[in-house]
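Here subunit A shows up in two complexes: once beside subunit B, once beside subunit C.
For the complex of A and B:
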């Protein structure tokens, strides 16, 4: 019977008779044989041929089997070369020396064909296993190196995204363990164009890359929207929707999101699945908690997701503490968790808000012990005080296009030849809605623009009397005249639109001037400047706008539309 | 007195096939050389060399099923190991005689 895979077997024996017998037995099994007559020759042949198995006589001239075995094992490195010593089994001392030199087995004289065959088979299998194991080990090593390298790159990419925000603002302190990002913790912060600050601390389920990967869409959505002026609710909705649609079921993000308004000293807190965050009232030295009252991000989609936040008035110097469960779940040597009680007691002990942050970290690290420190501690402190580097922070965003259109004005004149063919409203509405916060007011803004434009065109430029429309005949007449006059008119309508931000939101001012004769608005003017006049859509405009003011001959009107953050 | 393991020889014949005759020739050649070496080591009073040669001869004798010769060689090996070559001359003569007896028997398997 021949072996499935022929091996090369080195036979080193100085007795020719014994060598011949071994050679015959090995060849009969279908293996290849190379021979040596002494130890030195055995090493030479080994290095030249690299046989799979070595049979070594113990007593040989030049160099004995023990010396040859040492040299061969060394030359083989981490490759496995089974060495079988050829010896009589009555010499214990020499057996011990053979084992020490790296011998794997013995074959005693007289040689038994079946025993040798069995040994060769066994060692061949062992060698195959060893080779497979070595290959796999090298592959694992390679994969591991590769993974670490990828993690390093991923972390760098992530840091670049995460740190594009305002985490370095002077009122923000945070601690995240070096590899927290690969435990799924994420912290992002940005200033809105209005100057309020948005911070989101998230903790994705799971560990490793799958957990970290969700942080990417979260961070890019957050920054993309925050800088453009979107509100806390808008951003939460968008992130939730994005995570819901991209993450597999079971992967979601517990998060706390905070908006800090420094001008009016309030915060809004939305907590979905993270431990209660603490509000430290500096004057009283007390804490209040904001419990999680929502599902984490990425769990439910659409209308089931609730973005309502908790509103808190704060005083300058008050502090807000956010954390992932890494602090509560930090374990000491006996497996006990740090827990909320210990956390509260840190607050009880301090008399100065300034030291809370370090006290918490110290307490947790002392509790967990150096060696046992978990790698996913995330702690954030937000102080209710305008960052002293806010101008610099805002400049930074101003220089990027990410901020979106916020402060602007335009002047746009529709001339006679265009009236018949061109409706300026979609174009203007589109521009107005490039202010993110104005998007949700699209309906009202369209109504306002449409009223203003039709007043200017029909009553102003085309000099049509709205009284005509009161009867059916008049209505018809009105439109006949309209068509007729559109053909011949030489007038124009000019829009002047401007937008600016305020601490509470923004103001959109729209001026519309036509080349018509105007009307006597003064007789309808009330004390507050608004008109009691019910023509020209005046009631509607008064409802929608903070200010409606006619100017000049009444051929010029200016309205102010005011929007507020987060409503 | 000579003792040959004939079953072992039959097995060797199966393994060696055509090479069996050559194996016998090699064994005879080897053994004559080693017996001569043994005599020389006794004259040289070199127990270490005596031990090694006896060890080698023991090995090939055992492979050829020469049981008595293997036993005699083992005695010689132990003598060399003990560094006491008293009576070694007689032992070598005995090995020599046994070798010739066994080789005649081996010839019959050719």
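For the complex of A and C:
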């Protein structure tokens, strides 16, 4: 470092001999010298040359060293320009005045060249250090500005995703500290087509951008599936799988997910890794807790993940409180945590459920004071209300495509020429399964459609007698006749399928009509309308369907398949 | 905050003791404690007797250790937890993944 680059040194002294002595000392060290004869000139030279170090005589005409020092320091801004006063004064007051004016050091006359050289070196080092620091500070400032700007953009994207939900519903109140959003807290809410509400509060491991990243796949999976009618457990399974496969090990999401059914006044709560949520019973003024009984989302994959939820019946006016650990871990000035006891005492003090939400926030904020919060502060209140409070929201959903295919009907005729080449079952099953809740019934629905179709085709259109199949020879005969008659038939089979939602789930109605002669179903009919007849796969159909009803002369059958919401 | 390690007499087990707050600031040191262990032990003990606080990034670090030690087949015991530490492990249901004593 000693063989440093030459510095430019400004020497301002009105005494020519003194100036020349100094110049020669400084030049010997290999530095460049610029000179001035008074304070005003010193300022001019400074502005023109921007030297690295300034040596100023205190007593000069026009403007003294103290005045020049002030002006030079001001012109330098946050750049460090060491100023060394040259003085024959040695009374304390004068020296103090020099330093107060912005001087960094002084050198007494007569000059000692070794001391001067040492001082120039020392100040040069300090100046280098200062320059490095300033560069780094500017870099940090730049990075920080950049990061804030990126966060603003990311937040906007995030808000757009979050706002497609139902967090504005009148029974939902929430608070998320601005810090919380980008430290990995996430809140999403949506109405299912059936009118029940799904809410998920999550807290990703760690802080900052890595924690916030996981919120994206979570939110898009949640909204994609909730609007299509998938259940709480389907959505949890999918989010868990997605997080498990995309997030690095060690990054996961503690979460509470709630489904509220307003028609039947119950909630389901799944809690994996968040603090106990509280259920406030309005009438009794009591609280119950729902403990975390699962691993957080994204920790284990596949069948190790458990989606079973806790079922609670609520009355209108009852409230559910969800929170991340930010409330429990909020610290006061002496490092103490807010804790669950203080939280419970907030509930103890209120007599009106309406004020709990604000009371909690006030209590936490008062406790933490102005101190920095450790974690992210998120609080959600969900109130049980009557269905008409939600109806308006649902209309809004109904008007968007988000609702998916739920109420529909179709008529589909398979004509003679197609029987041999075309199997209508996969096509029909595919349409039926566009209702998400029917997907898990795919196996049964296939069986039902297959039985109905083969009845209509073989016994109806092709007029084959199932009694034939009782012997091995007859069985062969049966299929020979089937192939033969498929060539010549002129009949057709018509499907009529309709789906509608109910408060408990939905009903799928399937009608199948063939052009055959039918059969005398009336002699098998029981009082409840179902048949005692065991042919034509009737036992199976009776098992799988709520209602199996023959119509007309037996060439027409109608069944109802009923599915229940949730699990 | 500090991390100390010690082997059992037969070097089959490595004990990692975490002192003070177990949070993101311990990340490098905790990771080095098991990654740089030579020889690699058959099992790990995480000693929490001197740990007074655990945050969610510490839970993440425990999962990283579990992955390092063989995932589902990992042999990891978390021991000497204070009530507060135990509570955090319990809320996250980590007893399903680790032996907690």
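The rule is short, and it goes like this: the second predicted complex is superposed on the first by the 415 of 567 C-alpha atoms of A that agree within 3 Å, B and C clash if a C-alpha of one lies under 4 Å from a C-alpha of the other, contacts with A are read in each partner's own complex, and residues count from 1 in each chain.
Criterion: a residue touches a chain if its C-beta (ideal position, glycine included) is under 8 Å from a C-beta of that chain, and two chains touch if they have at least 3 such contacts.
Since we're looking at a predicted model, the values are computed, not measured.
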item	value
Touched partner set for A:296, first subunit B, second subunit C, both or neither	second
Partner chain in contact with A:429 - subunit B first, subunit C second, else both or neither	neither
Which of subunit B and subunit C A:113 touches, first, second, both or neither	first
Contacts of A:24 with subunit B and subunit C, given as first, second, both or neither	first
Touching partner for A:273 - first (subunit B), second (subunit C), both, neither	second
Which of subunit B and subunit C A:507 touches, first, second, both or neither	neither
Intersection of subunit A interface sets (partners subunit B, subunit C)	none
Subunit A contact footprint on subunit B (complex, rising order)	5, 8, 11-12, 15-17, 19, 22-23, 26-27, 29-30, 52, 55-56, 58-60, 62-65, 74
Complex interface listing, subunit A residues touching subunit C	203, 205-207, 249-252, 254, 272-275, 292-296, 299-300, 325, 375
Contacting residues of subunit A [partner subunit B, same complex]	14-18, 20-21, 24-25, 28, 59, 86, 88, 90, 109-111, 113
In the complex with subunit A, residue positions of subunit C that touch it	24, 55-57, 59-61, 63-64, 67, 90-94, 96-97
